[in-house]
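Both complexes shown next keep chain A, but they swap its partner, so chain B is in the first and chain C is in the second.
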Partner chain A sequence: MNTIMSNALKERIRRKELYIVVVIGVLLTLFCGSDSTSISINGEPLVSFRNMFMVMHILINVIGCILAVILSLRTIPNEYERHNSHLVWVRGISQVKYHGGLAAANVLATAISVGILYVVLAGYAVVKGHASYVLKMFPAYLIVVISVSMVSLFVSVLSICLPSMAVGAMAVLFAGTGVLHGLLELFKSTVGGVGGACISFLLQIILDLNGLQKQAYNLIMGEHIDAHLLWTGLLALWVISIGLFVFKKKEA
Partner chain B sequence: MKIWKVMYAAVGIFLAGGSIATANYGLSEVDRNIYQNALALDETMQELGFDGFTLKTTKVRFYDGNNDYVVQVDAEGRITIKKEKPQMDVFAGTTVEADGQWQALLPTYEQFSSLFDALEALGSYEQGMQEGSFAFSKSDYGESSHAATIWHEAFHAWQSEKWPEDAEALMEKAGIGNEDSREDIIVKEVDSDKELAELFNEEMQLLMKAYQAEGPEEKRALIANVLEIAEKRKEKLSQAAETMEYFLENYEGSARYVESVAYRELEGESAWKTVYLSEFRYENGSGKYYDMGMLKCMLLDQLSDGWQKEFSPETGLNELLSRM
Partner chain C sequence: MVTISNLSKSYKGKKVVDDLSFTMKEGQLFALLGSNGAGKSTTIKMILNLVKKDEGEITIPENTAIGYSPETPYFPPFLTGMEVLSYYGALQNISKKERTETGKALLELVGLENDGTKIKFYSKGMLQRLALAQALLGDPDALILDEPCAGLDAMGRIEMLELIGNLKKMGKTILMNSHILNDMEKVCDEGLIMQNGKVLRRFQKEDFDNGTGLEEIFIKAVGGNRK
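For the complex of A and B:
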């Protein structure tokens, strides 16, 4: 399983995917942090460091979720298209181990990507004279990893049994609902009726990914953390991972 | 392989246990405190003089997004909380008729916090741009504001109990159906008319001046001007707009007044002035009538004892002011 995982990761490095993430990270920093007027609404700068840091933190979670989809969507289908799977089957490796290794590689690649963005964020904090935040950013990073891993694992599991187009659409719905959970909750409460019931259903089955991000931010800022959301996040990861046992490829 | 599966299952059970153990059940401590703080003002609010107005006999429903938590004071004076299916599965501060009585309904404080989180993350930047900070934050709507909102909605419940069907009759008389939104009527028929908007602005400035004036004679002179402008405005309004204005100013304005009294008690004079007496700025929609009605109630407080006893849907705030 480790070999499968490391091969999948090496391929990503060969395909320079991680370099692209570094470029995104640097652009994000230049965009947000170079000086106080670099990000603005109608020409006016967004003010305090705390506000800027919060915006960047939300952005990292959103970008992390998008990267999770991009990095995870084609990994398993590509393996089957290139018939790499046959090389694995002849060695008597089970589908669960094979898919598990590839999904773990997806999660790891996503976590590394978010890690790079988090390093950029830490650099921004240090430059702005808030070096004390850096230590707290380690556990906070692990919380954000729960959020993006969920998207990565969800996409990986679905890509075993569904065509990429369908997985992509479901991934957008999953990640979109997750990062806009608070807003949708509010929207649901104002619309009511059938529309409200549909949104309510989505909100019940999809975890609040922005809420997880908020807990990470709260941890850095020394504010109260909702432990329930963290436990539920880990539980959701576990539940999604069951799909690795349930879904099998027929070609095998 | 078997051991691995057992371990995998054990991890799932452990995580499910953690999730269950850390979940919140029932009405949160924060909302309980908010209710208790509101209830502690009951004597003060009874002294306002609205006949039979008390929180002790009004049930308050806190909607948490899934359920209503119905809070009430029982015959022995104990606070009881009952979980029920939501009366209205929407985010709203309003009144509902349930169990044969009018009850106050409002979202839990946590629901409000989610609202502010959402605004903080997205929509508030425009205002922040103008002021150099975020316009909406939790600090703008604190626990005292929520306690004051309980009083606002409880007052509506009292109005509905005391004057059943009066508001509906008022609307029916003016041909306003349920499908007609109060915001639409005001925006289309009042806000779009520059002259009406200017007159409203003038009336509000005079009201504020009258409230701040020192002697009763000066106040009365300014009130006469206020009523003159109100009459002038009335002539220009359609029947639907006039009725809607009357409703908003009297029903909502008096509820805003009650709410502001509660807030003043909880947060003190300075915070109260900042929130309820800041400089008036004309904005489209119904909100400005809440402030106008509140100011008229405050003026009546300055000039007359016991006006609350005479206040009714037939004897509105302008009528009471004209008797001063």
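For the complex of A and C:
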């Protein structure tokens, strides 16, 4: 599985899309962190370090989720379309190991990209005289990785058995609901009928990815962390990974 | 060595392989011939368990290693030939030291330089050679070659056939599938002609001795059955 993972990871890291999105992410993050830029909410400037750091942190989670979809969507289908799978199957590699290795490569590639964005964030903290946050950012990074890994794994597992278009649509729904969980909770109360019921259903089955991101932020800021959400995140990762054992290709 | 009995496969109710039987004898090259859609590739995929058979038996003696060279090989363009062999060798649990040694020897055997050239700079012929080299990893007893000369120019085909001939001399049992009849005639020991999943005719190398070429055998077999 390690061999498949490392080879697939090399291929993921070489993708142009990865660099484009990471560069956009870095630029956006730097833009948000610039003192000369004043983003405001309800007329209140958001230029204080704490607020700007929070905005950048949210942005990293959102960009990480987008990267997770981009990097994971075509990995497994491409292997089958290029018939790479033939050369793997004939060597007696099980589908669980094969798909597991590819999914792990997707998760790692996403984690590395988020890591790059996190380094930018750490740089911002240091420049602003908050170097003490940097150490706390290591465990916080792992929490954000749980959030983006969930999207990556979800996409990888579905891509074993569904066409890319369907997986893409479901990924957008999954990641969108996850990162907008808080907003949708608010929105739900204003929408009734079928729409409200649908939103409620989605919020129940999809984990609060923004909530996870917030726990990471709280950890850096030394505020209270909801450990329940972290455990739920890990449990959700485990549940999604079961799909690697359940979903199988009939033919290579 | 490999015995196929009454093998059948259907896709959406259409039989693509219909009651196919043949035996690959040790050290011989068995040819599967036929036009596009005849069922050759599906047969190969069923033998390799890449496609599930509907009916029939495929008997392969225990501990028989089979190497496979696909029709359209794809290898990651950023790797070198040596790295590709190392990757597939690792999948076969071949030790790193052995992978390096075997990799060099196989590249030399198929006529590729171990000069660090990336796959993206490989020609079609070089890719086919590399596909053959990866099929030879672990020194398999049998080889299944799916259109190994597809897309090659005249010189490339001559070199590939020479290579396949050498592998036969080394004692490898080979199952090869091709549309290029002249090529097959040069290397095969026996074979069969398929159309619409069915066997139209079986032939042996001796059939060519009386002056009848494989092309003539093929035209007679397929021509009389064209719908």
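Everything that follows uses one rule, which is that the second predicted complex is superposed on the first by the 226 of 252 C-alpha atoms of A that agree within 3 Å, B and C clash if a C-alpha of one lies under 4 Å from a C-alpha of the other, contacts with A are read in each partner's own complex, and residues count from 1 in each chain.
The rule is simple: a contact is a pair of C-beta atoms (placed from the backbone, for glycine too) under 8 Å apart; a residue touches a chain by one contact, two chains touch by 3 or more.
If you're wondering where the values come from, they're calculated on a predicted model, not measured in any experiment.
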Most chain A residues touched (candidates chain B, chain C): B
Contacts of A:H228 with chain B and chain C, given as first, second, both or neither: first
Touched partner set for A:E11, first chain B, second chain C, both or neither: second
Chain B versus chain C as contact partner of A:M170, first or second or both or neither: neither
Which of chain B and chain C A:W89 touches, first, second, both or neither: second
Which of chain B and chain C A:I24 touches, first, second, both or neither: neither
Parts of chain A lying in touch with chain C, wherever the complex brings them together: 3-4, 7, 10-11, 14, 82-91, 93, 250-252
Residues of chain B touching chain A in the complex: 11-12, 15-16, 18-19, 21-24, 65, 88-91, 107, 111, 114-115, 117-118, 120-122, 125-126, 128-130, 132-134
In the complex with chain A, residue positions of chain C that touch it: 45, 48-52, 66, 68, 70, 72, 74, 76, 78-79, 87-88, 90-92, 134
Interface residues, chain A side, partner chain B - complex: 41-42, 44, 46-48, 51, 54, 58, 182-183, 185-186, 189-192, 196, 200, 210, 214, 227-228, 231-232, 234-235, 238-239
